[in-house]
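See the structures that follow.
In what follows, subunit A forms one complex with subunit B and a second complex with subunit C.
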Partner chain A sequence: MHPFWVIVQKEIADHLRSWRFLILVALLFLTCIGSLYTAMSTLREAVSKDDAQAAFLFLKLFTVSDGTLPPFITFVGFLGPLFGIAMGFDAINAERNKGTLSRLLSQPIYRDYVINAKFVAALIVISALLFALGFLVMGMGLIAIGIPPTPEEFGRLVFFLIVSVLYVSFWLNMAILFSTRFRQASTSALAAIAVWLFFSVFYPLIVNLIANATFPKEAVTPDSVLSHQQFVQALTRLSPSQLFSEATTTMLTPSVRSLGPLTMEQIYGAIPSPLPLGQSLLLIWPQSVGLLAATAVCFALSYILFMRQEIRSRN
Partner chain B sequence: MNAGNRRIIWLLALLICLASFGGGSVYAAGLSLYTPYPTVSVTPGESIQYSVDIINQGGAIDVADLAVTNLPPKWEAKLTADGMSVQQVAVKPNDSRNISLQVDVPLDANKGTYRFQLTAKGKGSLPLTVTVSEQGTFKTELTSEQPNMEGHADSTFQYRATLRNRTAEKQLYAMTAEAPQGWDVQFKADGKSVTSVSVDANATKDIDIEIHPAEKVKSGTYKIPVKASSGSTSSQMELEVVITGSYDLELSTPSGLLSTDITAGDQKTVQLKVTNTGTAPLHDIELSANTPVNWEVTFDPKKITKLDAGKSAEVTATIKADSKAIAGDYVVSMSASAPEKSADAEFRVAVKTSVLWGWLGVIIILAVIGGVYYLFRQYGRR
Partner chain C sequence: MREPVIVLEELTKQYGDHVAVDHLSLTIPRGEIFGLLGPNGAGKSTTILMMLGLTEPTSGSVHVCGHNSTREAIEVKRKVGYLPDDVGFYDDLTGLENLLFTARLNGLSREEGTARAQALLARVGLEEHAGKKAGTYSRGMRQRLGLADVLIKEPEVIILDEPTLGIDPEGVREFLKLIRQLSKEEGLTVLLSSHHLHQVQQICDRVGLFVAGRLLAVGDVPGLSRQLFGQEAVLIETRVSPCSDSFLESLAAMDGVTGVDKTANTLKIHARRDVSADIARLAVSAGESLHYLAQQEYGLDEIYHRYFEGGM
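Coming up: the complex of A and B.
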């Protein structure tokens, strides 16, 4: 076997045997059950409320909630980053601190195999886990409501899971970046969590402040309001969690037709109808590209950092 | 007294006898028949009651067969006395007997004067004269004051007919109409749909007749015979319906599909089919569209000068979507309108986003992958 895949295999094995991973899996699994339970209990009301979207009943399993527990889509958005951070915050510095990194690099392998393999192994584990959870919810939902998903619904769910994997891998790469930058695992974990908290808690507040401050005060015209709205939206889209929530909401709610502000001209004559899958994909394409680019940038930064680092044995 | 005097007495007696003829009493062989009103005037359907005195001026009991002779056909006469039907009468000497004669004038008796006699066979007779003052009937009359109506093919024609029962009995009439296929004729009496009506003797009844022409009726004049018939009598009349032709227009596509898709900011041609589904030709059919804001629909040709009944014309519509249209379905309603009639067709236009920006995303991804690959080359293998 190629030495790269040997390292990947070892990494995956390490992940799967660690307590950290088990705890995370247990957490996510409970989340799934909880969200499925709330979805099941509210599905009936949700369907009777809007008949237009009754065709996409199966997707509701992932999006409806009775308010006690958030739906699956929110859980993934909330726990996904945590999961990614947990998988990556000690990728490099733990090896370094244990002194295993220099031992590993003394093997006849290219140096970048290490960081690549760390990333690929974590990505495989994340993908497997997310797809398993997604399909688990689908399967249990299928048993519970007895309505099989249509091919379109299935396609939407698969794309939702792919976007989720992309989102989690962004946080994974960010954590790997911090793990290469900071010597202490706790520092890198804190830094990653700080970034996550910043984007999920403080960033919306800051955007709100800026939006209020820059709101056109005199001579308010529809055009100025519109451009201001677009500016604010562009700001919020700097946050990966915003990109993720826009992408997944669009994927799982086919009736979402646009993510930006809409003018009356655009709405006039429009029929409230679900978008076909291809159009929904086209709608979230920028968000997906943004997430992918951010992921790639984080990876590239950690790659450069890692390759330039001096690696010595501890003694 | 000599023989000459005796002859004069006989002559006088004869004169008296002749003179008394007009008074209605007949002196013959001892029996005279007397009625006070030998000439009467009646209307058809009436019955005449004669009170007839039979006077015996002879010295012996006289018996005579009674009969009514020369009675016109269908007339009926009945002789009664003391509540019994009488065929013979016997009168004591110097006495008289009263019998009654009932003559039923039939309903369809013709106008005129009728003469007949009540005879005591071989003994005398009483001529009776009846004048029927008006033309009698035994029939049904079905009439309408306005048997002709004009209207569109999709209008309802309401006629009012009067059914008169000119018989002496109550009649139950079945109402029938011989309408062409696809037509609907309804009879209404007192606001209810009926198929038969009963009319009392000599009474009338108003009947409403509602006629719905067939859906695809051609313009023209249609005669619809309407008949009221009971077992013994019937009457018929003709209603006339003049159809001026109907105007109807349909707007669709040759395939009937009323949806299309379009890329935002792009244009698409749709083939439209304008069909005159009426029965009269339509002129100057204009095509127009009600679109979302900033959309444009142009038609070629813009106007159809003439479209015959049953014919259809094809029009090419070019829909141009707003470049800012959001993905999803929009309604574009198009209408073809002639002065007489218009037709709408609602198109469901699915707007697709331009994939141009999608390719930009692909380029960004390729650039990122290229950058990472460059890093691999730069740092990776050393």
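Coming up: the complex of A and C.
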């Protein structure tokens, strides 16, 4: 076996054996059960309210909630970053502190194997887990409501899971970046959590502030309101969690027709029907590419940082 | 001279203004045990990292087994086993699994790797602990596991950075014996760095004295001692009582004696040649009782101290 895959194999084994991973799986599993339960209890009302959407009943399993517990989609958006951070925050610095990094690098392997293998291993674990959970919810929902998903619904769910993997791997890469930069695992974990909190709590607040401050006060024209709205939206989209929620909402709610403001002219004459899968995909294309780009930037930074570092034993 | 295995030419490493290694040139032939000796922070580890291609030299070149360490690090690392100081293992894996991981990184199959790992664990005396997690190993056991880890790739050269740090004296003795034995049996070239003079002295064919990034002297221990102490080639230690002043005076005046140091009743006499018989005769005729008389060769300790006292 190629040395690269030897490292990947070991990393996966490490993840699977660790307590950390068990805890995360337990957490996500509870999430599944919880969100499925609340979806089940609200599904009846949700269906009777809008008949036009009844065709996409199965997707509702992932998006509706009775208000006591958030739906699956929100849970993944919330726990996904935690999962990514937990998988990556000690990727490099733990090896360094244990003194295994210098031993590893004195083997005949290229240096980037180490960081690439860490990323690939975590990505494999994350994908397997998210897909397993997604399919689990699907399976249990199938048993509970007895209506099989249409191929389109299935397709939407798969794309939802792919976007989720992408989102989690963004946080994973950010955590790996911090683990390369900071020598202490606790520092890097804290830094990653700080970024996560910033984007999920403070960033919307800040955007709100800016939006209020810059709102056109005099001579309000539709054009100025529209451009202001677009400016604010562009700001919110700097946050990866916003990108993720836009992308996944569109995937799981086919009735979402646009992610920006629509004028009356655009709505006039439109048939109030759900979008086909291809169109939904087109709609979230920028969001997905944005997430991918953010992930790539984080990885590139940690790669460069790691390649330039001097590896001495335990420091 | 035998085929050179490690060749350093004008090797220099600078960190900002600080020169860690300063135009170091050194050649180590196949099969030799070479001790790189120096205080902490002398640049020993940096030199070793450059040999493995883990750090790039600022200028100069390193060749190990005919490969340039900076450009062909992979080829070098295939042939060189490196044991860092305070080596780390994956605590959650057993000793055997740790070795197996290294073996597979070196392209061995699982079966080959397991067989070789077991043989090596037996060799370093850890076969009973093979199934235990590496996290439970003591410092000495970790060091021996480290040696097995280094040998699993069947290297031509092994580089040990402070291999005896933190092990008890008995452990050190066994460990060094093992290295010596391996070197002789397998024809391994060994480079070990240390600031423990006595240990290095025990097993090294040659030593290099490395201070502040520069190699001050190279040679075997007696050679170094001649090179450094020149005329005062012999040190005689003796204990006499009552050790009168007149005895000391006549001792200092004796032909061939270059200096006398007195601590309590113990005298250290530096001489150009072996004058122990004369000293004994003098002591008896001066009415002193002679308790102990021994000739000592200058050890690395003295060599070392001489350097630092000299402020070089």
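Please note the rule applied: the second predicted complex is superposed on the first by the 314 of 315 C-alpha atoms of A that agree within 3 Å, B and C clash if a C-alpha of one lies under 4 Å from a C-alpha of the other, contacts with A are read in each partner's own complex, and residues count from 1 in each chain.
Note that in this section contacts are C-beta pairs under 8 Å (C-beta built on N, C-alpha and C of every residue); 3 or more make two chains touch, one makes a residue touch a chain.
Since we're looking at a predicted model, the values are computed, not measured.
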| item | value |
| --- | --- |
| Fit-or-clash call for subunit B and subunit C when the two complexes are aligned on subunit A | fit |
| Which of subunit B and subunit C A:I7 touches, first, second, both or neither | second |
| Contacts of A:I304 with subunit B and subunit C, given as first, second, both or neither | first |
| Touching partner for A:L27 - first (subunit B), second (subunit C), both, neither | neither |
| Contacts of A:Y110 with subunit B and subunit C, given as first, second, both or neither | both |
| Partner chain(s) touched by A:M40 [first = subunit B, second = subunit C, both, neither] | neither |
| Partner contacting more residues of subunit A (subunit B vs subunit C) | B |
| Which of subunit B and subunit C A:L262 touches, first, second, both or neither | first |
| Touching partner for A:S273 - first (subunit B), second (subunit C), both, neither | first |
| Touching partner for A:V120 - first (subunit B), second (subunit C), both, neither | neither |
| Nearest Cα pair across subunit B and subunit C, whole Å | 7 |
| Those residues of subunit A which subunit B touches in one complex and subunit C touches in the other | 110 |
| Subunit A partner contacts - residues on subunit B that touch it in the complex | 291-295, 322, 324-332, 348, 350, 352-353, 355, 357-358, 361, 364-365, 368-369, 371-372, 375-376, 379-382 |
| Residue ranges of subunit A touching subunit C (in the complex, touch as defined) | 1, 3, 6-7, 10, 14, 17, 98-110, 310-314 |
| Of subunit C, residues touching subunit A in the complex | 45, 49, 52, 54-55, 74-75, 77-78, 80-82, 84-92, 101-102, 104-107, 109, 146, 149, 153, 161 |
| Touching residues (chain side subunit A, partner subunit B) in the complex | 110-112, 257-258, 262-266, 268-271, 273-276, 278-279, 282-283, 285-286, 288-289, 292-293, 296-297, 299-300, 303-304, 307-308 |
